[in-house]
Structure formats: structure tokens, C-alpha cells
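Look for chain A in each of the two complexes below; its partner is chain B in the first and chain C in the second.
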Partner chain A sequence: MRSLLLLWSLAPLAWQLYTSFVTPEALIQGAGMAAGSFWTLENYRQVWLADPPIWRYLLNSAVVGAATTALTLALAVPCAYGLQRQGGRLRWAVTLTLLATAIFPTVLLFLALLQLARSLGLANNLLALSLPYAALCLPLAVLLLRAAFADLPPELEDAARLEGLNLARRLQHVLLPLLAPSLASTAILVFLFSWNEYPIALTWISRPELQTLPPAIARIAGSSLFTVPYGAFAAATVLGSLPLLLIVLIFQRSIVSGLTQGAIKG
Partner chain B sequence: MINAMPVPPSPSPGLRIEGLSRRLGERTLLADLNLEVGPGECLALLGPSGCGKTTTLRLLAGLDAASAGRILLDGDDISRLSAGDRRVAMVFQSYALYPHLSVADNLALGLRIRGMAAREREERIMAVLELLQLVELRLRRPAQLSGGQRQRVALARALLRQPRLVLLDEPMSNLDAQLREELRPELRRLLCGGSQPVVYVTHDQQEAMGMADRIAVLREGRLQQIGSARELYEKPANRFVAAFLGRPAINLLPAEGQRQLGLRPEHLVPVETGGLAARLQQREWWGHQQLLWLESARGDLRMLVAADQPLPETLEVSWRPEHELWFDSHSGERLAAS
Partner chain C sequence: MKGFPMNTSLVNTLLMLPALLLLAIVFAWPLLDSAWLSTQASSVLTGLAPTANGGANWQRLLGDARFWQDAAGTLRFAVVSVGLELVLGLAMALVLHRPGRGRGWLRALALLPWALPSTVLALGWRWIYNDPYGPLNSLLKLFGAPAYGFLTTPATTWLFTVLADVWKTTPFVALLLLAGLQSIPAELEESLVLEGASPSQILRRLTLPLLRPWISLALMFRLAQALGVFELVQVLTRGGPAGSTESLALYAYLNAMRFLDFGYSATLVVATFLLLLLLTAMGWLLLRRRPLEISR
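The block that comes next holds the complex of A and B.
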């Protein structure tokens, strides 16, 4: 069962990896060709030497992703805290509203967003992209972090209050360190959203050197109008997945480790 | 309220609570609490869950806001001060140690925030660690400590601040019975008899009797009685206090004139003749004593007798008149002996 699941999720990635390292002819004709014309780095060369080169898009995406994540967390942490600790009767109303916005179909928004970008002069501004991204990620982030705050024993904060820690200090020294796993997983979700987002990135940014990865990959052209550059697509996708892999590997430990363990009873 | 304190001239040392109340919507969590705790005195707040004892503690700590009333500490009104400015230390039932910090860092955090110099900080922490025999454990995280060790760390954190008032919220309820007994004298040694008043919340009457100089019994947000353990046991203000203190619980027999007769199981004695006829239903043998469950014409009785007492199927039970406690069967108030 487990190996079946593994196959299910890894097979497309493996195919992508394979596609990125073979010539277009090999891809179509399959095995039985001479080894010399089978494996190739040509696809990577193509996307790396393109103008602008792929690392430019990777960089753009990373900048937007980092800005989006920072903005989302900066807004979601206070909101989640307030909702959890001071919400009172409004708590459930606000939570349900957030849930409703979280499941609202984004597609319906983006014509209006485009209009907004035009009138506010936000088009072709890389950092401005993180505004709609953060807005779209915020409901989910708040819901996730609210649940995380709810899991922290309230006595921990009481103890800190008695020791004279004000709200900012409590967050800095007690609450956020304990929320690190939840913060990390929320950050990764937000970053992933921003990394993969296509329609807004496509419509807000028209200058090639400012584009993020998804629209840039879509723009990769074949040698003629009638060829589909499978290899180049695959190479770009592989390169685009690497940073995500890296991030997950780095944060894996803090996601998995249960830091609140032992806070109350052993 | 029974045994109300006379009003002394202020400023008086120690803790003084005047008309403290907390209401949440329709619910009254604490109603008009008045009491005093002298310097170095340990007062236990005793009562069943929901009686307002933890509410009182949180009001004293400044963690919740009072609806009415004043809290005076050494004559200063601290009611309006924030929790961090009251210099009140609290040991939580869950200990509330910061799980991501070592023992030493748990202690250091509060002092660091206050801007105490590193050297002074370390000296104070070492002194407290030594006092509580925690020096070897100072680099461990809370998860790596036993329940008793965690409690000592929580205590260390409370003492470190040289508080003007120490509050303990069921500090031993997470420990096993044997450890609790061992820790009681140690807690008393560390906490009581200093300059600061100590308020100790518990639902365990044995702990209250063992720890406290005086006990305040609370029920549904109202103070029932305050006094020494002995006063509460011998002269309970009402049926509730009588039933809450003393194990096995007091026998309550219906009597004429809308009264109830309270008889403690340990005050009943078997007699040859002239007593209340009773039939033995069950017995529990406790080693040093045995508890008998009896059925009599006036109702069921619990009786505590020596472990080696021979027991016939039927026996007669008597008691001394001075051990009788009479209660009004409606109000539950204790009546003068008749």
C-alpha cells in the first residue's frame, strides 16, 4: 500500500526528471537509440542560457515568495493571537468569515485585482505581487495559527505575564518559539502558493525580466511553432522544484519536532 | 459569614482583601470576599471545583480583573496594577514551565526582561538552584524532568523574584500521593514563615490541614468559614464545612425540630447497652483502623473503630454529647448545642 502511494506521487516527478535529461528524439522513440544521442544536458543549457536566463525567474519567484511569506506571517500572527485570546463572542463569527474567504474561488477575484493593480500603479512591480498573494493566503494562515495558539497552554502566558513580560516580549520569548513548528508549516504553505501562482503573476507582470517562474515557463518556446519543447519545460520544472525541496528539507526538523511536549505533564 | 475579621487600622502588613468579587455575565464566580493573611502566614483556600478558589488566586495575581473590591499588600492598593507590576509569584497547577528553555533559562527569562545585570542574575539563580537542589538539573529542559523536579523548578521561579505575595494553585495535584506527603514539610520550610503571605489553593483537605496556618473554605464563590484546621473541624460554621472537612465524611442524621445531628465517624463507639441499635453492612479494613458501614433506625452510619475491634453482626453505637454537631436542616447553619 505504501509503495503504491509512493509510486503514485513520485512517478510524475521521475518522468519529469527523465524527460529533462533526454533528447526530444529519445523521448519520442524511446530506448533502442545510441547512447550518445539519448542522454543530454541540452535542455538545461537551453533554459540556463535563455534571455533572461532561468535563474532570473527563480530569483524573482524567491523574492516574491519571501515577501509574501513575511507579510502573511506578520499579519496573521497578531490576528490569530487576538482571535484566540481576546476573541470573545466574535471569535466564531470571525473564524467562519475567514473560512468563507479561504474557500472563495480566486478566479472570480482576479479581473478586479487587475483593475486595482492598474489604478494603483502596481503593475510590473515584483514586490507588489506579494500584496494579493498575502491577501489570498491570509485566511488560511490565520486559521492555522489560531489553532496553534489554541494548543498552547494558557498558563504559559500567565506565567510570563506575572514575570512582567509584555505582549511583544511574550510573543518573542515564549509564544513564537513554541509555535515554531506551526509557523514553519504555515510559511511553507504560503511560500508554495506564491511559488506556484500563475494567473495574477501573468497579468500583473508583463516585463520579461520581472516575471516569476510559472508564467516564464509557459513562455518557453520551441524551435518552431509546431514543436513542443518538452525537454526545456521539464528542465525548468526540475530547476523550479529544487528550491522547494531545499526549503522543506531545512525546515523538516522544526515541523516534525513537538516542542510543546512536556509543557504540562510528562 | 462567620468569624469575620475586625477592621484593623491600615496600613497593615500582609495581604488584605476587601469585598473582592468577580462576575462574568450572570454568573458570580466570587462574591464579596473579605480576608487577611499576615506576613509569613500560609492560608489555604479550600473547596470543591468551581468554588472560586482559583478565581481568587487569579484576581490576586492580576491575571483576571475584579468586578469589585480592593487588594491591599502591605497597605498598598495593588488592585489596579498589572500582573507584572505586582511582584506576586504564582506556582501553577501545571507548573507552566517554558518547554523550550532549560531550567536555568526558565529562571533567567523574567530577570533578563527586567534588565538585571548578568552577574547578579546568575548569582541569584544559583542561590535559588542550590536552595532547591536543582543545580545538577540546570541545563535540562522541563520535558527531561520528573514531576517533582518540575514542581521544584516552578517553585524556584516563584521564589527567585523575591515576591511580596506567593500564590500556589494546587501545586501538588500532579504528583503521586507519596511524593505529596514528602514534599509538604519541604514546601512549608521554603515558603512559610518568611516575610510574605502565602495563599495556597487546594481541594485536598489533608493538604490544606498539613500546609496551612489557617484555612478558608469556599463554596460557590462565597466564603463559608475561615479559621485554623482545628476550629473548622470542631466548630464548623455549617453543614457544608462539616461535610467537607474530615474523612470519612460526617454522618448526618435527621432529628426533630427541623434539625440534623452531625456525628463524625471517629466519634462513634460501640457500647454494650443503651446505644443506637445498628446492623453491620460492610467494612473496610485500613490497617490502623477499620471503617464500618452500619444501618440503624435513624439512618445509615459510618463508624471508625480500631483495627482489632471484634465485630458482631449487630451492635449498639453511642457517642459523647460534646461531639454532637447540630445543624438547621434548611439553612445548614450550625446551631448551638442542645
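The block that comes next holds the complex of A and C.
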């Protein structure tokens, strides 16, 4: 069962990896031929030296991802804390709003957000992307962090309060250090979202050198820059996936436990 | 400031306010703005300036065969994809739940398709489906079958967009259901085993009934996302062949960005939203009515 699952999940990815390292002739004639010029780095050279080069998109995505993660956590931590302490109708209303926005498909917002960006002069501004991104990540982030706050024993904060620590200090010195694992898994999920977001990045950014990875890949796919058989495409997809591959493999425990724990308690 | 704040509720509200404000700007305002814009003519003809045109956009929508075709196609895509994802996601969750060496790595690798960008993966699938050089056609050739136009046969291309979507999002469903499985006390299963229940009986009597809340959550989430499917079809098929895989979101996007008809694009956005609302409300009522029970 396990090998079947791995085959299902990894075979399409393995095929990309293979494609990125072989010559066009090898792809067309099939893997049977064993010529000396079978393997090649030419595909990678092509995307690395393209204009703009692929590392530019990776850099842009990383910048937006970092800004989005910081902004989301800065807004989500106080919100989750307030929501956890709040009772009654307001708590119910906010939770319901968060659930509704969490399942909402982003693509339905692109048109109005584009107009907003244009009227505020935010188009073609890489960092401005983190504003809508943070909003789109907030529902999940708040729900996950609220569940984490709920896990902390209330006596802990009471004790800190009796020590005379104000709210900011209680959060900084007592609560947040204990929440580090939940903060980390939330941050990773936000970063993943930001790295992968497409419709807003596509419509807000029109200058190629400012594009994040997903619209850049789609643009390359739409142009005839690289033709069949896809060697350069595959190289671009491998390079674009590599950072996420590393994140998922390094933080797999955080991601899985973050999502599952949040879902259980949320 | 020592002791309790004067009014805890006020402090809580203030703490939540920045996040709620941003949510209002990014979710509520666009919907209201689109609803308003759907009553306006705003296209190249009006110099992109909004001018009230009564219900002309909505009248056009009702008579627009392309809209109805896209709506039916999007619905078909969503129902089939989400149905398959729930079944496969449950199977995947059961495999990932079983104890064993390297379970963490297995989970991470199974999760990969979900974590990678949709556009990147859609491009990958375009190559896998490529006619005649893609690996699927190479396989067909191996068996002596003629090459098949996976992305060029109007009657069947939607099935291959479903496959690509199922491949990418099943891990997410599996992860949610895994959370559900972890919340089921092991003693319950052990007691059923002692009673001599077979694995399939345990699944039907214990696991599925207790997983219901998680199945509902996954269903609602995936249904909403699938009804808004956009990048997958835009990159994989561009809505083709012959418009057979065009989704509502893609049609709305094309109206705004290619035909520069913002009024009609807004109408399509609002129509898609209403369809979504209707379906999730129906799903919610349906799931809510049947009480949770452990059948024996």
C-alpha cells in the first residue's frame, strides 16, 4: 500500500526531474537509446540565463513570502489571543466569519482587488502583494493559533499578570515562547500559500522582472519561448519546486502536526 | 497597568480589530464592489468608466450559452473531483495513519503534490499528457496502441483535468481525515477487534461515523475551492479544446483581462459566488440533518 501511495504521489514529479536532465532527442526517441549525449544540463542553463532569469522569480517569491508571513503573524497572534479570551456572541460570529473566509475561493476576489490596487497605486509593487495575501491566510492562521492558545494552562497567564506583566510582556515573555511550535507550523503554511498564490499575483504584477514564480511559469508556458519537448519547462518546474520540497521535508513534522492539531481543536 | 483591564471584552475586540479590518477590505469589499459593478456597463465601449445599465449584464448572463456551458462544466468538474478526492483521501489517510517505520517521511512525500504551486504542476501535467511525446503516450505506444490526444479531445479532456486536480489535492483531504483518525481513541478499535470485527466492519461501524465531521469539513472546503478552479485549467488546457474545460472563474478572468468588459466580468464573479453559496448551503443542510450515529 505504501509503495502504491509513493508511486502515485511521486511518479509525476520524478518524470519532471528526469525530463529536466535529458536532451530533447532522448525525450522524443524514448529512453531506449543509450547515446553518450543522453544526459544534459542545457535545460538548466537555458532557464538560469533567460531574461529575466529564473532566480529572479524565486527571489521575488521569497521576498513576498517573508513579508506575508511576518504580516500575517503580526495580525493573527493578537486576534487569536483576543478570540480565545472572548466569549459569547462575538466569539461565535468571529469564528463563523473565519470559517467562511477560510473556504472562500480566492479567484472570485481578483477583479475588485485589482481595481483597489490600481486606485491605491499598489500595482507592480511586490511588497504590496503581502496585504491581500495576509488577509487570505488570516482565517487559517487565527484558527490554528487560537487552538494553540486554548492549550496553554490559564494559571500561567494569571501568574504572569500577578507579577505585574502587561499584555505585551505576557505575550512576549510567557505565552509566545510556549507557542513556538504552533507559530512555526502556521508560518510555514502561510509561506507555502504565498509561494503558490496565482490569480492576484497574475493581475497585480505586470512587469516580468517583478513577477513571482507561479505567474512567471504560466507566462513562460503561454509563450513559445521553449517549445516541445519541455526540457526547459521541466528545469523551471524543478527549480521552482526545490525550495518547497526542502521546506516540506525539513518541517514535515510541523506541517502535519500543525494542520492536524489545528483541525482537531479548531 | 496592574490587575485586570477595565473591560476585557473591549480589549479583546481591539486585539481582533486589525485582522478583522483587513478581512473586511479583502473579502467583504470586493464582493460588494463586484455586486455593484455587475449593474454597470464598464467596458471599452464606455471607456472603462462605469455607467449604470440596469440589469443588462444579468439579462445577458441568462441568455449566454457560454456561461451555462461553463457553469455546468465547472459543476461537473467540482462534483467528480471532490467525490474522487474524498474516496482516495480516505484510503490515503488510512495508509498514513498505520504505524510503521518512516511514517513521517511517508507523510511528507505524500503531501508534496499539495505543497507545490498549481501552475508549476499544471505545466508538468501538460507534458505528461503531451501528444505524441508525453510519457502516457509512450506507454500507449509500448502496448501498441495509437497516440491519444489527452488535451485535444473535447469529449474527454475534462476527465484529465479532474485527474490532475485529484492528484494535487487528495493529500490535503487525506491530511484532514488523518486529523480525524488521530482523534479516534485506539481503545474503541481494540474493543471491536476483540469482538471479532473485520477491518471493513470496523471501517463501516466505527471509523466512518466518527470521521463524519472531518469528511464534512473536507467536502465543504474542497467543493468551494473546486468551484473556483482557475490556474489548473488556465495553464493545462486554457479552457480548451473548444471551450470544453473553461471554468466560470476563467471566463470571468477572460472577460476582465482579455475582453476588457469589467461589468460583465463582475456579473460572472457574483453569479459564481451565488452558485457557491447555494451549493455549500445545500451541502451543509444535507450533512447537518443526518444525526451522528454509530451503527452496529
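Everything below uses one rule, namely that the second predicted complex is superposed on the first by the 231 of 266 C-alpha atoms of A that agree within 3 Å, B and C clash if a C-alpha of one lies under 4 Å from a C-alpha of the other, contacts with A are read in each partner's own complex, and residues count from 1 in each chain.
We adopt the following convention: a residue touches a chain if its C-beta (ideal position, glycine included) is under 8 Å from a C-beta of that chain, and two chains touch if they have at least 3 such contacts.
Values in this document were obtained by computation on a predicted structure and should not be read as measured data.
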item	value
Which of chain B and chain C A:Thr97 touches, first, second, both or neither	second
Comparison of chain B and chain C by chain A residues contacted	C
Touching partner for A:Asn166 - first (chain B), second (chain C), both, neither	both
Partner chain(s) touched by A:Gly82 [first = chain B, second = chain C, both, neither]	second
Which superposed partner A:Arg56 touches (first chain B, second chain C, both, neither)	neither
Partner chain(s) touched by A:Val174 [first = chain B, second = chain C, both, neither]	first
Shared contact residues on chain A - chain B and chain C	161, 164, 166, 259-261, 263-264
Sites on chain A touched by chain C in the complex	1-2, 5-6, 8-10, 12-13, 15-16, 19, 27-28, 30, 75-76, 78-79, 81-83, 85-86, 90, 94, 97, 101-116, 131-132, 134-136, 138-139, 142, 161, 164, 166-167, 192, 195-196, 198-199, 203, 213-215, 217-218, 221-222, 228-230, 233-234, 236-237, 240-241, 244-245, 247-249, 252-253, 255-256, 259-261, 263-264
Chain A contact footprint on chain C (complex, rising order)	1-5, 8-9, 11-16, 18-20, 22-23, 25-27, 29-31, 33-34, 37, 92, 95-96, 100, 104-113, 115-121, 123-128, 130, 133, 135, 138, 167, 171, 175-176, 178-180, 182-183, 214, 217, 220-221, 224-225, 227-228, 230-231, 234-235, 238, 249, 252-253, 256-257, 262, 265-266, 269, 272-273, 276, 280
Of chain A, residues touching chain B in the complex	153, 155-156, 158-166, 169, 173-174, 177-178, 259-266
Chain B - residues contacting chain A, complex	58, 61-63, 82-86, 88-90, 92-100, 109-110, 113-114, 141-147, 150, 157, 161, 174
